[in-house]
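Below you'll find the structure, written out as structure tokens, and then a few comments.
The letters A, B, C, D and E name the chains in turn, as written, and every chain counts its residues from 1.
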Amino acid sequence: MKMGRVIGSVVATRKDPSLEGVKLLVVENLTLDLKAEGGYVVAVDAVGAGSKEVVLYASGSSARQTSTTKDRPVDAVIMAILDSFEAHGKTVRLA
Amino acid sequence: MKMGRVIGSVVATRKDPSLEGVKLLVVENLTLDLKAEGGYVVAVDAVGAGSKEVVLYASGSSARQTSTTKDRPVDAVIMAILDSFEAHGKTVRLA
Amino acid sequence: MKMGRVIGSVVATRKDPSLEGVKLLVVENLTLDLKAEGGYVVAVDAVGAGSKEVVLYASGSSARQTSTTKDRPVDAVIMAILDSFEAHGKTVRLA
Amino acid sequence: MKMGRVIGSVVATRKDPSLEGVKLLVVENLTLDLKAEGGYVVAVDAVGAGSKEVVLYASGSSARQTSTTKDRPVDAVIMAILDSFEAHGKTVRLA
Amino acid sequence: MKMGRVIGSVVATRKDPSLEGVKLLVVENLTLDLKAEGGYVVAVDAVGAGSKEVVLYASGSSARQTSTTKDRPVDAVIMAILDSFEAHGKTVRLA
């Protein structure tokens, strides 16, 4: 998984029928210093993530292992919203 | 998923039999400023995307989760055409 | 999928038994200007591609969705030989 | 698989229900000289890895092939803790 | 698949139980000039590859399609040892 920040969303009325009602968020990749890493992904929200929250997303077939995404043509899912993380002995609180 | 723009198509008469009738489009990757990111992908069109439209595509096994692509040897599918998106508080209308 | 050019082949007598009789080609990645992009892949040939032909290849589990590659330990397959493609309004004939 | 070093962990109370009780570690990628390669991944711990240990992690659908990760929306798993490795004729002991 | 050279191995006693008896080799990626490309992977050996041999490895779910790797949490497998390869009209013998 990668850490990312929710920075937006997309709207699409013409889409695969299985995507009806699925929320698609724009997530920018983050470094461990919470800086934008330079890339982004559009991911399905499976956990009710809000704007600017720091999340984890899973990619590939693993992105279809939630009840929201099962059997759908999606390759990225937000599966956790971070409360905090620790890296190199430093704890960062997010919630 | 990634955002891309449809910039062309490919024609192949010699191909795996399962690809008969499948439309293959050339999609260039876009940044969130709608600039070409520098890469491209050839993706199956599952939603009737037109030239120059901004689309979402899914990669990997997830690309086989539409009725158009099921069980076929394809690793990218256009599964949505964007009406608009919002990033960093700015909304961009596309349709 | 990515566009590539067949530039060679590999010979291996010591290999997984399921690969007996499978043709393995060296494919260099191409830009949309048909220039070498800088990387290569060794892919199974499922369509009878010849030397220097411009092809499409699929990667990952999708590479196992042809009769040639089913259930085999291969992660790239040539599934189409291009006749032509169009990009940014310019048509390029290849066959 | 890639070699990495465990450098931290993440805490998330809002997450996909299937992730309850799963330990998520921050792993930085290592070169063969055991230097940070510049990227990181958040991976499920399937083997009881401790802080600063050098581990192997598997990505993609393979990350779901342990009893800890089966059917869960996770795309990286720590599946081994290294005792030593040998590269270019030099042995490095880690445990 | 990618071409690589076996440059070492790893030893891990603490690991997922399904990895008992599996040989894990360090493979550096090769260019078509047989130069190190700058990356490496730790791959399961399914074909009895020896030190310094030039091999092909498959990644992702395809890495689990050998009898050695089936259902195991591994994302790369050596599935062939090269005798020779040809690229741009030049043949390179390896065995």
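In this text, a residue touches a chain if its C-beta (ideal position, glycine included) is under 8 Å from a C-beta of that chain, and two chains touch if they have at least 3 such contacts.
Predicted model only: the values in this text are computed from it and were never measured.
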Handout entry: Contact distance in steps, from subunit C to subunit E
Key = 1
Exercise for the section: In steps of 5 degrees, what rotation angle do you get fitting subunit A onto subunit E on the CA atoms? Expected result: 145
Handout entry: Fraction-based call for subunit B against subunit A, same above half, different below
Key = different
Handout entry: Averaged-CA centre spacing for the pair subunit D and subunit B, given as whole angstrom
Key = 32
Handout entry: Whole-Å separation of chain centres (CA-atom averages), subunit B against subunit C
Key = 20
Problem - Per-residue overlap in subunit D, given as positions that touch at least 2 other chains - result: 60-61, 63-64
Exercise for the section: Make each chain a node and each touching pair an edge, then name the shape: line, ring, star, complete, other. Expected result: ring
Handout entry: Traversal of the chain ring from subunit D via subunit E
Key = D, E, C, B, A
Fill in the blank from the handout: Residue set of subunit B touching subunit C in the complex reads 7-16, 18-19, 24, 26, 40-43, 60-61, 63-64, 71-76
Practice task
Within their complex, state which residues of subunit D touch subunit E.
Solution key: 1-3, 32, 46-48, 56, 58-66, 69, 77, 79-89
